[in-house]
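Note that the chains take the letters A, B, C, D and E in the order they are written out, and that residue 1 is the start of every chain.
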């Protein structure tokens, strides 16, 4: 919130996704996991992407790094600009250079994300040595330091452990250590705490926050937990069925949701700090991404929907007045007013 | 159900701050279903299967073979045992499309008739092995404990025996009838399936729907029949289909070793190939006919099994 | 949907509906004994809702399974309508299960993919009342949980997670149980759908007078659903009390830590909340710490905690806590 | 597999021990090449010392062991591949299987030369006069001690297999080293079979129990060849430098025999030239499969094959009367059977017309069985006489008890030739109203378990070995019908109980006078043809196959009782 | 680990005894060393009886067996019935050595080719290469080994030499060394190994490549492969160090387990190529009714198979640190 001008779409961003369209072939048809997604990640900020399961968050992240499933996934439109360079056009060699070193990623499930047969220290060493011509023992010392940094007790001994010998929280810390090993400019964290217990989740988030502060990088945080977003991110992008429906500073979006989906989500969450009562709910279920409904994809579940919504896809537009909120809804004014 | 009107989720219209209209839930959600008619898992599997070309082509070829074998009596130009002693070891010609053998029997007709026995052996062995393997696997997996230990020890032991040695010894102990061969081959064919089934049952029974059934008080037999068995169909079908191919091959191997089905009364692809393989240079039709029948059938069955594996159980990547 | 009282084989209707006392379950592996449930006691009144919260692996599901006799308890007693269940002969266990419904966490694993909804929901009916109008009652049940009865011919894979969970609930309701055990019924669901299910449960409880044992690791959800809450840690209940007592006035450091760790979807909270940051690792259930199992992460741990396991002592009328220092600790009301 | 033809045939009744079978090849062999004359051959410039080179031969059944007295000696191939080449014998069979004195003897003992005497008290004496040149390969002369030692070894060795005849010997006079006088307690007609092989007393003695000797090597030779090595993988023979008979001096430097126990492998090895020659049992399609560079001749083997009829078969549903047996014989076209079974091996396969004697040896075999040709009237007459009727003119005969004329028929499973014969006969007898139930067993089951217990048939198809000498006593001995009385020890597997035949068969073995003996044999033949205890089909031929681009001089001994390689000394390697 | 191995052994021993007795009994039922004497009219029943007594075949089965077992466990393989009392061990030893050589050659060749083919198929899933290799591998398991063997003999022994002009066969079609060969000649020995190895290998290549392909496909879709890629590793390193490394674990153990199945192909191959190994010895002994040889061949085969199964179990624990011994490996893999 301290650098408002950079939040304006189109301003030079560290990582800028423009009209990204990602398709994945499945048994039942082609899934359009991202459909015209545009977002900007600026230097030194935490941008959270929230959305329900299956709405395409992970695919978005993988598209950025060119890590879509090999045979079935592809980017069919749009650009991923990293420091002005279009990664969708980059050569495999160039992509390899960027991965890990400039853009690193933390995956949702650290148990399956770490190689089960390789000692965790070695996995970090491998990361370092893939990009820097350092000797093995030097790399190993750095790996131990990194493990220490992310708060793993007895890092020297732990470096020689296999992932299954570590607890869930420790595994996720190892992931973080590995991701930040080369001080990347962008850290993509795909639901880094979803699989963890609350107390551990709090610890890991704490670690992530501390490290991101140390490292001066930007974080693209993917999550479905509005609570995590509120506590951690600067800006939030709400995704629904492959599209971004609302994007803006966390306080703005939480304080006055302009999209009925955002509003519905916030209202339907049981809150630890709230008086128990009847929860609001969003009727129905998210649409299939193989054959999404025409027009606004939220229309079939939306209380504000009109005939227009079922016919015309709402453009993403900048919310007038406020700082940097964009929304894709025909009736945003009504919602925002409500 | 005395309540009428909107479903239980209703009665909240006034509370909706974002103006969610009170759509009855059932109605609202029906829309999200892609199709109007229910698609059973079997239909889905069939659809997936039909997308696999090699498997579909194999089904067609195998179909032709099965029809040919089944209706051998009607299709075959001659009887399987009908001899024409003036035409011994004749090459293919107008009367004998695939030549004749050492007794002047029509090779084509024998292949058709022999196919019936070979396929019967293959299928029967596979079915017996499938039945036994499934039963043992389910019992061991579901009950666990001593039953499991006993049955699996037995299975492991038999599995660890050098297969063909046992078959040879057993085949020697028994006679040379079709059913003897079926018995011998079935005896060593069921263990793999038993292991696979048990493994799957061990995971299935941890699945919550089995636990839910138990929680409902569903008796064990019904759980095995209605909950376990249908979910094992993928593994069973694949393994059983592959067993068909293996049994047809094993039958020919037994014939090669002189332990197969007696060739006197019964033509099988195995004893046609196993007894005539020496004619490969001089009367090649005697070798290639049954040989190709075996190979093509086994090949088709393998492709089909592969297709079944992918379509019935897309998660099972194992061979 | 009225309950047919006549068919209740289980005991007099005095006292609590469910009374669990000193329930213990040990799993023996080759190397060690895992004390999954280690002396759990609580009671649940007819029509009440009890939430069982705790972190993964603390023994919540095991407790549920023990109550249903899906597992044989190592020790302890479970009384349902005053009738002891742990010693019930196998034949009667089936009868018991009719009175207890259960809904599992994973809606994808809890429905047999090879069965239609009619068979899934109808199975419980068919077992107990084979000659009743199963199709009609299935339709009624589906409607009851908010599904179009036309769904009856469908297969689970055609349904979304929320719809499946409705089916699971319908199945559990089919034999008309008096106690419904919900083992994390919404943790696998998305927020927007989760609300649907929670509301449904609330409706069912209201309309059918169901008693619910609600298991969850999500304190927000439990707070929303349950009148009473029990907090579990490594096989033991560490604190149990009315909702307001536990949430607004937690007396066990673990409860306090749990509450403070829950992220709140309100940016304004960000700097307001004081967090009880737990140190160290979650202890392994195979090798729990001596004495109080929470002491290794407890900011208030003292020497006594290592040697002496605290009992779940009654403090006040209805708010027992298993902590040596429960009375003394300055735990801020959260949030 | 094809090898079963060889395998099971040889397994079931391997060649008789030393004095083996006899057949002459002249009838069946396509005119054999004239005996190789080394002198007249281009390659034989160096005379009898040979053109050199190495012969590689395939052996169809590798001997388990070599001991010439114990059960090892029971395997035909022990004789054919080893003992016949390295050990001397007294009397021997020429290539046409006629008895003659071997080079070890100066002459055959006869009444004329005083070598054969029957005393008034029935004692029978043979005087073997050894050749002064006869010498073992270590230089030791062969003496009457060797004859005496051989006799004792035959009787004293543990597990000795064939003591027939030796038991009748009361002593061997060794006073003269070069004349062994052997005394028998009674006349022993098949005496020519004895002392084959002759064993070296100086080498093996003095212990006459030689059970554990020579199991895997015979380090000394008294024949044309000396064994250089023998193992499970190969057998190497080199010429015995001290062999005294110039006629049989080997022409090649070395013979290597290798096992090819699978017929297909054997044929391939012949085709590729990996082995130069082989002597396989007849296999289906032999003529077709042995074309090109491969030449082959066939000769009568030592096995006669036929349908053996077990009159006491436990599974019989009616009495297997003589009429039934005859009717069966009249329903068969034995010419056709022989043609189908052997047509691919022999140009004009001959039907065996006598019960038990090899037609190619001596005059023993008459055409007694020739009367059995397919004859519907005879079948009808024979069966009708015993109350059989044929309600359905195309159906089976039925007897008064309503039993159909269906015979169980056993043979060796997996033997293609026999299964072909079965298939043929099933079709052949159908019009005659005779049906079959075919159950085949593997050789062990059939020959070890079922035959000795008479638990087979009533019909079984198998081959029995013959010897050049017309000894058939055990087959027709009434006391030899397996049963409780003899502890199931007899060999009269057809349970043929004719006192007359039994006595005749015994008398044949005691009659040393050739003419008298012939009369007895002929008489027995007639009786057997009347009673049909078994239906002879054919003599199994033997083949000698050689690659004509690699070997010359081969193929003259297809019928030899000593195997197709008996005349190996005359073979040469080309190129 | 040693304890585990010993436990397994303890369970295995009785099984081996049962197997050996079964084989012993079967050998007697199937054929007897005296079978070939029966039909020889020159051999008197008395001589045969003497022979039977000499071999001890007239004694009760359990006595014979006891005697054999007594010898066997003291490491004395005894003497052969049929081979006139020669020691059994040298026969077995030579056959075993030959067979092990053949198996080693075939398995290593097949592994080399099969694994490579499997890996390439997996990473080029759906390519022409993949379809091709799938077809060939199905062909490999669809051709009877004996027929394949015969074809190889003819092709390399006959046809190829004929096409290339007359000459010695390109490769020997049977045996283990050239007739007349004295002493050891490596090249000659190798040439004789080629065809049997090929015959045995086609099937193994097919099977191994399928295993590897399946295993590789599974592994390459695992999350940790995506992690490896996200680290910016070179694809070759991802495939080899991360993919193959894991994929090999189940394949290795499967290969060890499959050795039992190999025996079948081995018997047929040895028969076709007249390769003097255990298979041929087995067939010989079976035909000759020589249980003294038959038993060691079966027992050794069984022991080898058991041992390899054990090795597979232990190996799995070694290769995969996640697996704790004592857990059922195969179940773990089927999951």
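The definition used in the following text is that a residue touches a chain if its C-beta (ideal position, glycine included) is under 8 Å from a C-beta of that chain, and two chains touch if they have at least 3 such contacts.
Values in this document were obtained by computation on a predicted structure and should not be read as measured data.
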Shortest chain-hopping distance from chain C out to chain D
2
Starting at chain B, what is the smallest number of hops through touching chains needed to reach chain E?
1
If you tally the C-beta contacts, which comes out ahead, B-D or B-C?
B-C
Between chain D and chain E, the Cα-mean centres are separated in Å by 39
As a quick test, compute the distance in whole Å between the mean CA positions of chain A and chain B.
47
As a quick test, compute the distance in whole Å between the mean CA positions of chain A and chain D.
91
Cα centre of chain A to Cα centre of chain E, whole Å, reads 54
Chain E: which residues touch two or more other chains?
29-31, 146, 150, 154, 158, 271
Which parts of chain A, given as residue numbers and ranges, touch two or more other chains?
264, 278, 280-283, 285
Multi-partner residues of chain C (at least 2 other chains)
160, 163, 196, 199
Sites on chain B touched by chain C in the complex:
1-3, 7-9, 12, 25-27, 29-30, 32-35, 38-41, 44, 207-209, 211-219, 222, 226-227, 230-231, 233
Parts of chain B lying in touch with chain D, wherever the complex brings them together:
81-83, 85, 88-89, 102-103, 105, 172, 175-177, 255-260, 262-265, 274-279, 281-283
Within their complex, chain D touches chain B through residues 1-2, 4, 8, 263-264, 267, 271, 283-285, 288-289, 291, 336, 339-340, 343-344, 413-416, 419-420, 422-424, 426-427, 438-442, 444-445
Could you list, by residue number, the parts of chain C that touch chain B in their complex?
1, 65, 68, 70, 93-98, 100-102, 104-106, 109-116, 119-120, 123-124, 127-128, 140, 142-151, 153-155, 157-158, 160, 163, 168, 171-172, 174-175, 196, 199-200, 203-204, 207
Using the touch rule from the top, collect the residues of chain C that touch chain A in their complex.
55-56, 160-163, 190-196, 198-199, 202, 217-221, 223-225, 243, 247, 257-270, 275, 277-278, 280-282, 297, 335
